[in-house]
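Note that the chains take the letters A, B, C, D, E, F, G, H, I, J, K and L in the order they are written out, and that residue 1 is the start of every chain.
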Amino acid sequence: MPKPIYVLNGPNLNLLGTREPHIYGSETLGEVETRVRGRAGALGHEVVFRQTNHEGELIDWVQQARVSAAALIINPAGYGHTSVALHDALKAVEVPIVEVHLSNPARREDFRRRSFVSNVAQGVIAGLGAQGYELAVEAAARLAAEGEA
Amino acid sequence: MPKPIYVLNGPNLNLLGTREPHIYGSETLGEVETRVRGRAGALGHEVVFRQTNHEGELIDWVQQARVSAAALIINPAGYGHTSVALHDALKAVEVPIVEVHLSNPARREDFRRRSFVSNVAQGVIAGLGAQGYELAVEAAARLAAEGEA
Amino acid sequence: MPKPIYVLNGPNLNLLGTREPHIYGSETLGEVETRVRGRAGALGHEVVFRQTNHEGELIDWVQQARVSAAALIINPAGYGHTSVALHDALKAVEVPIVEVHLSNPARREDFRRRSFVSNVAQGVIAGLGAQGYELAVEAAARLAAEGEA
Amino acid sequence: MPKPIYVLNGPNLNLLGTREPHIYGSETLGEVETRVRGRAGALGHEVVFRQTNHEGELIDWVQQARVSAAALIINPAGYGHTSVALHDALKAVEVPIVEVHLSNPARREDFRRRSFVSNVAQGVIAGLGAQGYELAVEAAARLAAEGEA
Amino acid sequence: MPKPIYVLNGPNLNLLGTREPHIYGSETLGEVETRVRGRAGALGHEVVFRQTNHEGELIDWVQQARVSAAALIINPAGYGHTSVALHDALKAVEVPIVEVHLSNPARREDFRRRSFVSNVAQGVIAGLGAQGYELAVEAAARLAAEGEA
Amino acid sequence: MPKPIYVLNGPNLNLLGTREPHIYGSETLGEVETRVRGRAGALGHEVVFRQTNHEGELIDWVQQARVSAAALIINPAGYGHTSVALHDALKAVEVPIVEVHLSNPARREDFRRRSFVSNVAQGVIAGLGAQGYELAVEAAARLAAEGEA
Amino acid sequence: MPKPIYVLNGPNLNLLGTREPHIYGSETLGEVETRVRGRAGALGHEVVFRQTNHEGELIDWVQQARVSAAALIINPAGYGHTSVALHDALKAVEVPIVEVHLSNPARREDFRRRSFVSNVAQGVIAGLGAQGYELAVEAAARLAAEGEA
Amino acid sequence: MPKPIYVLNGPNLNLLGTREPHIYGSETLGEVETRVRGRAGALGHEVVFRQTNHEGELIDWVQQARVSAAALIINPAGYGHTSVALHDALKAVEVPIVEVHLSNPARREDFRRRSFVSNVAQGVIAGLGAQGYELAVEAAARLAAEGEA
Amino acid sequence: MPKPIYVLNGPNLNLLGTREPHIYGSETLGEVETRVRGRAGALGHEVVFRQTNHEGELIDWVQQARVSAAALIINPAGYGHTSVALHDALKAVEVPIVEVHLSNPARREDFRRRSFVSNVAQGVIAGLGAQGYELAVEAAARLAAEGEA
Amino acid sequence: MPKPIYVLNGPNLNLLGTREPHIYGSETLGEVETRVRGRAGALGHEVVFRQTNHEGELIDWVQQARVSAAALIINPAGYGHTSVALHDALKAVEVPIVEVHLSNPARREDFRRRSFVSNVAQGVIAGLGAQGYELAVEAAARLAAEGEA
Amino acid sequence: MPKPIYVLNGPNLNLLGTREPHIYGSETLGEVETRVRGRAGALGHEVVFRQTNHEGELIDWVQQARVSAAALIINPAGYGHTSVALHDALKAVEVPIVEVHLSNPARREDFRRRSFVSNVAQGVIAGLGAQGYELAVEAAARLAAEGEA
Amino acid sequence: MPKPIYVLNGPNLNLLGTREPHIYGSETLGEVETRVRGRAGALGHEVVFRQTNHEGELIDWVQQARVSAAALIINPAGYGHTSVALHDALKAVEVPIVEVHLSNPARREDFRRRSFVSNVAQGVIAGLGAQGYELAVEAAARLAAEGEA
C-alpha cells in the first residue's frame, strides 16, 4: 500500500474560517481537510493532516514525513518567511514537496516576499484558497508516482 | 456559451522541450496546449492558446482577454520579472488571472524573484511543469464560475 | 463581569531582575505581576499573567486572548523582532493590544529596530521598565472600555 | 510652416477612460487628442498623436520625432519605469521633450518612482490628468520657439 | 468673491535670477510673481505670493492656506526633499495642491529624488522654469473649480 | 518647590482635533493641555506646555528645559523623523525625557520609522492618543523623583 | 560550408554616427557592417548582420541564430541592461556568444552597470568602438572553431 | 566537583549522519556525543549533551546552563541565523560560550551569514565537522578554568 | 578695507563648554570667538561671528555672507547632516567656504556621516576642537586672497 | 617525511602582545609560534611560521604553501576583509586551509563581517586567542591526514 | 622608434595554466607573453610584459608606463575589484588603457562585479582567455596610433 | 629633544604636481615637504617625511611612528578608502593622528566617501591642498604637547 501524503499546516491555520475571511476565505481547516482527503482518496492516497502553532513541532513532523510520506504538502504560514530551521528540515526530505498558501504573498506585505520554504519545494501554489490544497494533492500524487517509477 | 479561457505564453516558450530540459522539461508547447485543451474541455471551456516573444503583443492579447475571456492564464516568462507595462495591462483585467511558471523561480537566479505579474494575479502556480497549466485551468474555471455567480 | 486583561510575556523575561539589570532593571517578573494586578484591580479588571520561552505557546495564548480577553498586553521580547507567526496571531485579535518593552529598543542594537508586533498593536510603551506595564494596563482598560461603548 | 509637435503615448493608454478611472480619469484617449489638437492649433502647431503597446514602436517613433518634430511630448506609461532603450532614443533627440503622466507616480507604487524618461526630459508634468497634456503643449511650444530663436 | 490662490516659495528662491542661472533661469522672483498674478487674474483669482527661508514659517503659511486658499501652489525648494513636518502640514490641506520646481530634480543630484511634497500634491510640474508657475496656476484654478462644483 | 515638567509639541500639533481625526483623534491641543495639567497637578508638578512649527524654536525650548525642567515630555511630530539638531539638543538634557506620539508610527509610512528622538529618550509612548500624554506625565514624574533621590 | 556568424544589434544602433558621436563615434552602422564582413570573410565566414529597435524581434533573431549560426555577436544596447527575456533566449543558444559595446558601460550611468547579456556570453568587448566588432569576429571565429573541433 | 560542560544542539542535528552527508558528514550525533564525552572526560569534565528541534526548549536549556554549567557549547543550527530570543538567552549566560558549526556557513547560502549567536559567543569553530566539537571542548575547558582562576 | 570673514555656527553650539565636554571640549563659544578674532586680526581680517538654532536664520546669514564676506567659515552642527536648503544656500556662495566640526563625525554615529555642507565647501576641518576654527581662519584668508588675486 | 604545516600571519600581528591587549591578548607572536610548534611537533609536523604586513608577500607565501605544505593555517588579519587577491591565491591551494582569528569578528565593527578567506577555507576558528592556533594545528593535521589517505 | 606597449599582470597570474584551468585555461603566462609579443611585433611594437603579486609594485609599474609606454594593457586580477590606489595610478596615465580578464567576471562571484580599473580604461576585453590579450594588443596599437595622429 | 612628527604619504602622491593638477594642485611633493619642515621647525619639531605606493610599507612606517613619533600626519590617498590593515595599524598608535587630503573627498566619487583612516584619526583636514599639511602640523604639534602635559 502506498505511503500517505502528509499535509502539514503552520501557525494560526487552526483559525481558518474565522480569521480575516477577506484574506483567507471562510472555509474552516476541517473543511479543507475533508476536501484534501477526498481528492487524495480518488488518487489512491491516504492523508496525514496536521496543524501546529509550534515551529519545533512542524520540524518534528517534517522529519517524520521524511521517512513515512509519499509526498509532503506544507502550508508553513508565518514560519515560511522566517525559519531557516524549517528550511533545513525540508532540505533533508527526499520525497516531493509542494508548498501551498491560501492567499497570494506577492499581494501582501513586503515581509511575506521572502520564503525559506519555496526554495526547497518542487512546486508552489498560492492565492487559490482551499482549492490550492486540492491542486497540491494532484501535483504531489503525480510527483510521487514519477519518483517511484 | 461561455467565454474561452485565454492561455498566454511569453518569450522563449516556443522553444519548450528543446531549451534546457533539466529546467523546463521535455514536453513541447504544442503538447502543453493539448493537455490544456483537454482539461478545459472537460470543464466546458474553449481555450485561446498563444505564444509570443514580443512584450507589446503580449499586452495586446491581455487587452483582448480583458473583454473576451472568462479567465486568463499567463506564463509571462522573462517579461514577468521586468515589465511594468504588462503589470498595468493585467491590472485593467477584471476576470480572474492565474500565473503559471514551469520552473520554480524561488530556486533560480535572484533576478527571477521579482514579479510584476504575481502582484496582480489571483493565483500563482510554479515549479510543476506542464501539469501546472492543467491545475491553472481548473483554478481559472472555478474562479470564473464564482465571478459569474 | 468583565473579561480579564491578558498580560503575555515572551522569552527570557522569567530571568527578570537577574539578567542584565542595567538594561532590564532589578524587579522580578513576580513583582511586575503584583504591580499589574494592583493597577488592574483598581480599574476593575482581573489579569491573566503568563510567561513562556516558546514562540508556539505565545501564539497559543494570543489565540486564547482573542476569545477570552478584554484587552491584550504583550511584551514579546526577542520574538517581537522576528516572528511573522506572532504577527499573524495578533492580527486576528480584535480586542485592543498594547505592546510593552522594559528597555527602549531604539537605544539598543539595530536588530531590535524591526518589530512585527508594533505594527499590529494600538499602542506601544517602551523604556519605562516595570512602570510601563502599569501604564499599559491603564491604556488597555481605557481602550477596552471604548471598544465596548 | 512649423514642424508638428509629436505626442507619443505608451502602453495601455488606449484603454483610457475605461481602465481604473479613479486613477486615470474618465476621458478617452481620443478626447485627450482633441484637447491637445485644440491647444496646439491655437499656438500654431500641428500635432502627430499616437499610441502603442510596443516598446520598439515607441522607440521608432521617437527616432522619427528626432528629425520631424518641433518638440516631443511623451507619456511613456509603464515603459518609462523600465526602458533604458527608450531613454537612449530620447537622449538622441535634440528638440524639447516634455514628459506627461496622467496620475502622480509619487503617490503610487514604489516601482513607479524610477523614471528613465524624466532624466532626459526638459520638463515633467504629472498628476493633472488630461489637462496635463494641454499644459505640456503650451510648454513644448514655448521651448520649441526658444530653441529656434 | 473666490478665495485667493496661495503661491508659497521655499528657501533660496529669493535669490532667483542671481543664483546659478544655468539651473534656475535669469528671471527674478518678482518677475515670476508678476507672471503668476497675470495668469491668475485672467482666471479670476487673487494671489497670495510669499517666500521664506524658514521651514516653520512655510508650515505656518501652509496652515493659513488650509483655511484661506482656493488652492495652493508650492515650490518647497530644499525643504521638499527633507521635511516630514511640511508633508504633514500639506496633508492637512484639503484644497488642491500643485508642486512646482523650476529645474527638473530627476536630472540633478540623487538627494533631490526624494520628495515629501510630491506624495501629498495632486500635481507636479518640474523643469519648466518660470512658465511652470503659470501652468500651475491654470491647473490649480481648474482643480479648485472642480472641487467647488 | 519642584521644577515644572516641560511638555513640548512640534509642528502641526496646533491643528489637533481638526487635522485627520481618524489618525490623530478629535481632542484639541488645549484639551490635551488640560488633561496634562490635571494629571501633573495631582502628582505635585507644574507644567510648561508649548507648541511650535519652528524647529529652531523647539530647540530653544529644549535648551530651556535643560536648566529649568524636572523632566521633559516631547511630541516632536515631523521633526522627530528628520532632525539631528533636535537630537543634539536633547542629548544635552540631563533630566528624564519621555517621547509621545499620538498615533503609532509603526503602522504608518516608512519614513516615520526612523526617530532621532527615541534614541535619546528614556521612554517612548505611542499610539495611545491624548491618554499617552497623561501616561507620560506619570512616567516623567517617577523618573524625575528617582533622579532626585 | 560553415554556418554564418550572426551579428545582432539592438535599439538605437541604427542612429550610429549621428547620435552622440562623442560617446558612440562617427562611423555609421553600415560602415561597421562593412568592416565586420571584411574581417569575417578573411576568416572564411559569412555574416548575418541586423539591427532592430524591438526586443521581441531581437529575441526572434537570437532563436534563429540558435539553429543557424556558427557563433553569435550581439550588441544589445539598452536591452542588455533590462531584458530577462533576452537573457533567456541567449541561454538557450549553444554556440559561442560575444557581447560588444561601442562605449564602456563602466564609465557611464549606474543603470548601465547591470547586464543580463554578459552573464550568458563567453566574452565581452567594450569601449573599443567599431573595432570592437572586428575583434569580436576574430574571437567568435576562434570559439566556433574550437567548438567544432 | 566541577560543573559539567553543556553541549546543546539545535534543529535537525538529530538527523546527523543521514542528512546531506556531503555537507554535514556521516557521523551520527550519538557518535559525536561519544567523542565529546571522551575529550571532556580527559579534561575532567562531565558533559550534558542534548538536542532539540524546538527553539523554546533550546532557550530553556540555555537558561539551565546559565546556573549549572562550567561552560556552554552550542550548535544552534538554523536558529542561530534567526533567533533574537536565543541571543538574549545567551547574553544572560556568564560562563564561556563556544559556538560550533559542522559546516562552514561562509561557504553556503547568504542567509547563513548572519548569526545571532556568534556575537554573544567567546569563540566560534566552523567547518571542521565532528572534530569541531572536540576542539570546542578543549577551548571551553580552558576558558572555564580561566574564569574560575 | 577687506570684507570680513563670516563665521556661522549652527544649533546647540551656544551650549559649548557645558554640553558633553568629552565630545565638544570645555571652551565656550565666546572663547572660540576670541581666538578666531585674534587669528583673523593677525591676518588683517574682521570677523562676523554668529550662532543660531534656526535653520532659516542660518540660511539668511549665508545669503548675507554671499554678498558681504571675504570668506565663509561654517560649523553647521546638526543641520549639516540633514539640510538640503542649507546646501542650496551655500551653493550660491561664490567666496571660499570652509566647514569646521569640533568633533570628528567619522568617529560618531552613522547619521553623522552624511554631510550636505562638505560637498559644497572647499575645505573641511574636523576633530580638532576650537583650534579647528583658527586653522579654518588661516585657510579662509589664504583662499580669499587667492580669489582676489 | 611529511610536508610542514604553514602558519601565515597577516598585518600588525607582529605587534601581538603590545597592541590592544584587551582585544588580542597579551601573548606575543613568538609565544604563539612556540605553542604552535609544540602542538604540531606532537602530531609529527614541522611548521613554517611567518608574519608580514605586505599583502603581496602574503600571497607569495600562499603560493609557496600550495606546493610545499601539508596544510595551511592563516590569520589574514585586516587583509581577510578586503583582499580578493588573497582569496584567489587561496582558491588555488588544494591542501586544507584553516582560518584563525584571535578575536571574534562577529563582536567587532561591521567592516570585519565580510571575509574573503572564510569562503575558501575548510574551517574557521575565531575568538579563542592563541589557543585557536593550537586547535587549528590539530584540525589541519587531521584534514591533511584525511587528504593523504 | 615607437614606445613599447606595457602589459601588466596582477596577482596569481604567475600560476596561469596550473590554477583552476576550467576557469583560466591551460596556457601558461609565458605562452601568453609569446603570443602577445608576436601580435605586437607584427604591428611594430615592443612589449614590456610583467607580473607581480604586489599591489604597490603594480602601481609603480603603472607610473612607469605613464611616461614610457605607447599604451597600457592591464589584467589587474584581484586588485581590479578592490584597489582605489590602482585606480588613481591609472587615472594619471594619459596613454590608452585596455583592461583584460581571462575569465568573464559577470559569470562569477558578486564581488567580481565591481571594477576600479574598468572605469578608467578605454576598453575592456573579458572572457576570451589568452586570445583576449592579443585582441587587446590590436586595440591598444590602434588607440596609440590615433592618439599620436 | 622632542620626537619628530611623522608625515606619511600614500600611493601616487609622488606624482603630485604632475597628476591632474585641477584636482591636486601644481605643487610637487618636495615643495610640500619644504613647507611642512618650515612650519614644524618653527614649532620646534623635526619631521620624518615619506611616500610609498606600497600598502605594506605604509603599515611598516605607521608601526615605526607608533614608537618613534610625537605625532603622525597621514595622507593615505587611495588606501584610506580600502585598507582595514592600515586602520588596524593606526589603531595601535597612541600618539595623535591627523589625516590630510589634498582634495575634498566629499566632492568626488562615491567610493571616496568611506574612510578607514578617519575613524581612527583625531582630526581630519581635507580640500585645502598643500596648506592642509601645514595646518595639520600645527594641529599635531598642539595635540602632541597636550598629550605630554
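Just so it is clear, contacts are C-beta pairs under 8 Å (C-beta built on N, C-alpha and C of every residue); 3 or more make two chains touch, one makes a residue touch a chain.
What you see is a predicted model; the values in this text were computed from it and never measured.
The minimum number of touch steps separating subunit D from subunit I is 2.
By residue number, over half of the contacts seen at A-B repeat in one listed pair from D-G, B-D or C-F, namely C-F. Judged by shared residue numbers over all numbers used at their interface, subunit D and subunit G contact each other through mostly different positions, with under half in common.
As a whole-number value, the distance joining the C-alpha centres of subunit A and subunit F reads 48 Å. If each chain is reduced to the centroid of its CA atoms, subunit D and subunit J end up 63 Å from each other.
Subunit B and subunit F have centres, each the mean of its CA atoms, that are 55 Å apart. Residues of subunit G in contact with at least two other chains: 54-57, 82.
Across the whole structure, chains are in contact as follows: A-B, A-C, A-H, B-D, B-G, C-F, C-H, D-E, D-G, E-F, E-I, F-I, G-K, H-J, I-L, J-K, J-L, K-L.
Residue ranges of subunit E in contact with subunit F, taken from their complex: 54-57, 59-60, 63, 66, 82-89, 91-92, 116.
Interface residues of subunit D facing subunit B in the complex, by the touch rule stated above, are 10-12, 14-15, 18-20, 52-57, 77-79, 81-82, 111-112. Those residues of subunit K whose C-beta lies close enough to touch subunit G in the complex are 98, 104, 106-107, 113, 115, 118-128, 131-132, 135, 138-139, 142.
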